[in-house]
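Pasting a structure below so you can have a look.
Naming follows writing order (A, B, C and D), and every chain is counted from residue 1.
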Amino acid sequence: MPIVRVQEAEFDVGRELDVLTRGRTDVGALASFVGLVRDANEGRGVTAMTLEHYPGMTEKALDDICREAAARWDLLETLVIHRVGALKPGDRIVMVGVTSAHRGDAFAACEFIMDYLKTRAPFWKKESTGEGDRWVEARSSDDAAAQRWKG
Amino acid sequence: MPIVRVQEAEFDVGRELDVLTRGRTDVGALASFVGLVRDANEGRGVTAMTLEHYPGMTEKALDDICREAAARWDLLETLVIHRVGALKPGDRIVMVGVTSAHRGDAFAACEFIMDYLKTRAPFWKKESTGEGDRWVEARSSDDAAAQRWKG
Amino acid sequence: MVTLLYFASLRESVACSREQVPLTADTTTVASLLDQLRSRGERWAQAFAPGKAYRVAVNQQMADLATPLRPGDEVAFFPPVTGG
Amino acid sequence: MVTLLYFASLRESVACSREQVPLTADTTTVASLLDQLRSRGERWAQAFAPGKAYRVAVNQQMADLATPLRPGDEVAFFPPVTGG
């Protein structure tokens, strides 16, 4: 049962990861990822960011992605937390955690979830730069990253 | 400059990861891995584990592996903490953390470091099972995992 | 009736985030709904012009032009996603 | 003199964790040092028998049979590693 949360509030990475392993002795591997707001994107300075999403569909999409990962690899738990609303450089945006008996499964599933999240979960970023606000455009490199799992 | 620690004491994953990103606004991606003692290995129940290492060489080997990762990918920081001594099922053995501007680099470097650590860092596990103690044998799957980075 | 939702840059382009429209005999698929929206005027025609990158979801599942519409459906239009 | 270290199952097999041995005219490489160790008797010959999986490090860097030895070197023998 994937753990999926979409929230404005900051999250505590260590505490969230602890939940995935605490009291268990069958976890051999915990792979995780945290995405953060950078102060620069495509050469422009970024002073703030707003994340819009599609409530309802977002949670479903993240849940589907986790379930697809669990169908592909031998996993114990999957966790995705994604923030929305106003963020600033250095803030955490997203975290993914995956547990498995073995590291290969945990690594692959964690990267798969991030790649699919980047192309399938309905979030949109608007950046504030010195030149005003602009919607971040989707990147073809993200499409390519998601595409390679199709093979 | 890689952060490398070999220690008997438990480590706090969240606190260690925080150190890699705190006060920075250039980190876009933090990939991490935690390896834990499982209560079963190759069909045998494991009740305890002892980790022996080669003091001095261990730290050098881990440092070399991190530097090799930093030469291959565009990284900001790398961290490896590995425990030695007496451990029990559910205990954390190792953690790796890698920061980068971009997630592809962070994921690849984190997995690379674990694969190389598994084949090049002088640690040895001895498991206690219902049938007595035994040294864990090296796995050909770990050699294969390290080998694929040679390509 | 179907509920239409617009997100992000597309929401700003059409200056609308949510509306309800009747489902007529001519609007049985996403494609025909889009034709109806484009006929509203320049702003709408441009937002959904051929070659514009936008995505459609029906009842919170990714959909395409051929996806059929039924009364009560929730249809969302948005640009390619950029989360994570 | 060179310092020899033994780890893990190999340490248990030879019942020794650390010793100092003189570097003779015959022990100029890891290979010749191993010949000398094997000549100590059954226990040593078996621990370093051909086909046994063991690794060698000289001065804390992975080495091989051809690696030359110099006075003061630290030579370590151990099984394939199993950390992580």
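One rule holds in what follows: a contact is a pair of C-beta atoms (placed from the backbone, for glycine too) under 8 Å apart; a residue touches a chain by one contact, two chains touch by 3 or more.
What you are looking at is a predicted structure, and each value in this text was computed from that prediction instead of being measured.
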{"item": "Co-neighbours of subunit D and subunit A - touch as defined", "value": "B"}
{"item": "Computed distance of Cα centres, subunit B from subunit A, in Å", "value": "23"}
{"item": "CA centroid of subunit A to CA centroid of subunit C, Å", "value": "26"}
{"item": "Subunit C-subunit D separation of Cα centroids, rounded to whole Å", "value": "73"}
{"item": "Residues within subunit C bordering two or more other chains", "value": "84"}
{"item": "Junction residues of subunit A, two or more chains touched", "value": "35, 114"}
{"item": "Interchain contacts, given as pairs of chains that touch", "value": "A-B, A-C, B-D"}
{"item": "Subunit D-facing residues of subunit B, complex", "value": "35, 51-54, 56-57, 60-61, 82, 93-94, 114, 117-126, 135-139"}
{"item": "Residues of subunit A touching subunit B in the complex", "value": "12-15, 17-18, 21, 23-40, 89-90, 101, 103-104, 106-107, 110-111, 114, 145"}
{"item": "Subunit D residues touching subunit B - in the complex, by the definition given at the top", "value": "5, 7-9, 53, 57, 60-62, 76, 78-84"}
